[in-house]
Amino acid sequence: MLEAIDLGYRFGSSGPWLFQGMNIRIGPGEVVGLFGPSGLGKTTFGHLLGGYLAPAQGRVLLGGAALPVRGYCPVQCVHQHPELSVNPRWRLGRTLREAYDPPEALLDSLGIAAAWLSRYPHELSGGELQRIAVARALGPGTRYLVADEMTAMLDAITQAHIWRAVMDHCRENGVGALVISHDEALLARLCSRVIACGGVTGGMSAAVDLAGMESGEGFAGDRAQAAGSAA
Amino acid sequence: MTQCATLVTTPFRGFGRLLGLDCRRTRLLWAVGICLGVFAGIFALAAGLGTAGLDPHLAVRNQAPSLAHPFGTDPLGRDMLTRTVRGLLLSLKVGLLASLVSSVLALVLGVASATFGRAVDAVVNWLVDIFMTIPHLVLLILISFAAGGGSRGVIVAVAFSHWPALTRIIRSEVLQLRGALYVRTARRLGRSHWEIARTHLLPHLLPQFLIGLILLFPHAILHEAALSFLGIGLSPHTPAVGILLSESMRHLSTGYWWLGILPGAALMLMVKCFDILGTNIDRLSDPRTAQE
Amino acid sequence: MLRVNDLTISFTRYGRGVSRDALKPVCGLNLDVKPGELLAVIGSSGSGKSLLAHAILGILPGNCRVEGGLLFRGEPLTPRRQKALRGRSIALIPQSVGFLNPLVRLGGQVRRAAALSGMAGGQARHAADAAFSRYGLAPAVSRYFPHQVSGGMARRVLSATATVGDADLIIADEPTTGLHREASRESLGFLRALADAGKSVLVITHDLKAVLPWADRVAVFHGGTTVELTAAANFSNDLSGLRHPYSRAMWMALPENEFAAEHASTQGGEQGCPFSYLCGCSDAACAAAPPAPVLFEDGFVRCHHA
């Protein structure tokens, strides 16, 4: 179980709160969507779950314990811009194998060609780089995947292909996922439930769960207002 | 109705193409080779000419450039070519020492400032600001006097006044790298700080550092010449380019143009060579621009 | 307005040392944009759609070679003509708001764009004010700096900058990337309005779903070539209007539809149809030679089986 409890974040110690009181629970093998317009701190929330940032408030718990600070993190993130998440001076084979040696089957299912691995990032397209970033994140130690607008830059065919491979992997290995996106159709396709956040006041303060939410989950805030903005 | 408009044509034909000048990487390599050739030429020339030309020959005073004395002679009959080459050699040595010291200082301070927390960062930034706000020449003169003057003073002054700019570059590079998504991802993938420094940071910093070092050369050389020109440090008998230039000032009005122009041009050529060398190595070392 | 005939773009790339090999990311690309039309260029990343925009504007990097015809108003686009037309008759709306100068007030940037397009001082100011009101930007906004306005507003300023000079051809590079539904609808609505005002609009995007309601025709790119040029209305659940298997796959892959992903690899074939080895109906002819365009009344398709 991956849990965010009363999570809040702001830059510095006195900046305005980007969001506060975020709660979320993702079970093993469960795929949860996070929906909302840009600029609400969804990316920052993903970074908190993946251990990229330390929360200013609240806790991120994995199986009841805090995320490990060192060593392989069981929560892995895949980001929106693949060209930023690979070292521009490394050949991609090295990037792919940074944490573990991905099995042939995974590379095949993601459609990664052997020829790409001897190239540099600027020689591949965004879709090709993202496949490599995904393969890198799906190591045997990964229990949860945070996909932050993972395919927002990609065409429909590549998007469908990558997601099919990722969903197969998650199902076979009991890996849970948080899918952050502004594409409702995609979330409806992938997720068993979707948490939506409204952005009337420019913060991730209000949200409702669109499909069968357990009590206490989502964002603390004015439910009525959130429902109004979502309608 | 196919219209052909070839938008990019290569301007190199015949001989140029034979040398590979139509190919950008070859052009860069040629530029690098020519620059290195110029430096080797200075050493070869210095060795070939010996030091005989440094002695006064009053019989051949103030001669315009000729075959026997390509750079002419000075009012004491010394061969200007020999003096210029000796001066350039001295400049190279001072430049090498100074830019080595400066760039190592910059590397240490820059990395420390970016990694050892806010206090260190504040101190380093404060130092950088101080050094950058003092006019460069004033700083050089102050340090050179503080270090006891003489040729040692010049070297110390040039070495300890060129680190601030490179420190800033290295600091911002390290900060940027530490914040880079791929470095943060490497941390989440279980790499240790040491591994990340070795595999991600160092290979990125090293070319920057080397290029910074090469590009410090012309600065150091010019400032050494400037200090000598002002008469600080080196003795008037040392054949340094700055001293040659300052001597030539006295003869400018008398029409002995070769005394100033030829050593000055030689200095410019050498400085420009370092500049070209630095920029070309920069282009070649970056996988993105290396393709163009 | 703009006609692209068999455009080929090749790069020279270095291997080890100074050895070079040539890459042909764009090969045999055809399309045309009429006045008053919004043409969507759809393709995966790496299909050559950004290169097309750069080739039209003449801003490809130095190791590129362009062959084939680029005709603007019936005359070939030479580098000299591109330089003269760029920013005047041909305008680009860049992808990201990072293209605004962070140190110049927004009004100044639009006025400068107007001045660069050949207007005199007073005229440029009038044009800039008109562009501001066209995009619903309050006059006060012209005194703001880019960091003081929201992303959506910055995007409107970019649109205003591109259209202030009365350009006839407007190229929008990924106008919807990173935008949520409302914002991308607004962004494309502005482009539609430009087309309705008689301009030619070329929208380069990977987001088929967002652009379809606004486009007149769609050019589908794959492997550096236009596999199909067709009316936007042909993208519907009745697939019979789509003549190329790749276009059909593109439609079927949308999350709203089948989310199908059989045709996913981005590798191109060395010769023959770039889609042949992914295609369900490929045969010897497909592997042997690239198909020539087969013309229809509303476009064309490059497929041996169409």
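All chains are identified by letter, namely A, B and C, in their written order; residue positions are counted from 1 within each chain.
One rule holds for everything that comes next: a residue touches a chain if its C-beta (ideal position, glycine included) is under 8 Å from a C-beta of that chain, and two chains touch if they have at least 3 such contacts.
Nothing here was measured: the structure is a model prediction, and the numbers come from that model.
**Student:** Name the chain with the Cα centroid closest to the overall protein Cα centroid.
**Tutor:** C
**Student:** Among the chains here, which has the CA centroid at the largest distance from chain C's centroid?
**Tutor:** In terms of C-alpha centroids, the chain at the greatest distance from chain C is B.
**Student:** Where the centres are mean C-alpha positions, what is the separation of chain A from chain B, in Å?
**Tutor:** 48
**Student:** Please tell me the distance, in whole Å, between the geometric centres of chain A and chain C computed from their C-alpha atoms.
**Tutor:** About 30 Å separates the centre of chain A from that of chain C.
**Student:** Starting from the mean Cα coordinates of chain B and chain C, work out the distance between those two points in Å.
**Tutor:** Centre separation, chain B to chain C: 46 Å.
**Student:** Spell out, as numbers or ranges, the residues of chain A touching 2 or more other chains.
**Tutor:** none
**Student:** Residue numbers in chain B touching 2 or more other chains?
**Tutor:** Where chain B meets two or more other chains at a single residue, that happens at 291.
**Student:** Two or more other chains in contact with one residue: find those residues in chain C.
**Tutor:** 13
**Student:** Given the complex with chain A, which residues does chain B contribute to the contact?
**Tutor:** 180-182, 184-186, 188-192, 200, 203-204, 287-288, 291
**Student:** Enumerate the contact residues on chain A facing chain B in the complex.
**Tutor:** 50-52, 70-73, 76-77, 79, 81, 84-89, 95, 98-99, 120, 122, 136, 139, 141
**Student:** With touch defined as at the start, can you tell me which chain C residues reach chain A in the complex?
**Tutor:** 13, 42-47, 150-151, 177-183, 206-209, 249-251, 253-256, 259-261, 263-267
**Student:** Considering only the defined contacts, which chain A positions touch chain C in the complex?
**Tutor:** The contact residues of chain A facing chain C are 36-39, 80, 111, 113, 115, 123-128, 149, 152-161, 163-164, 182-186, 188-190.
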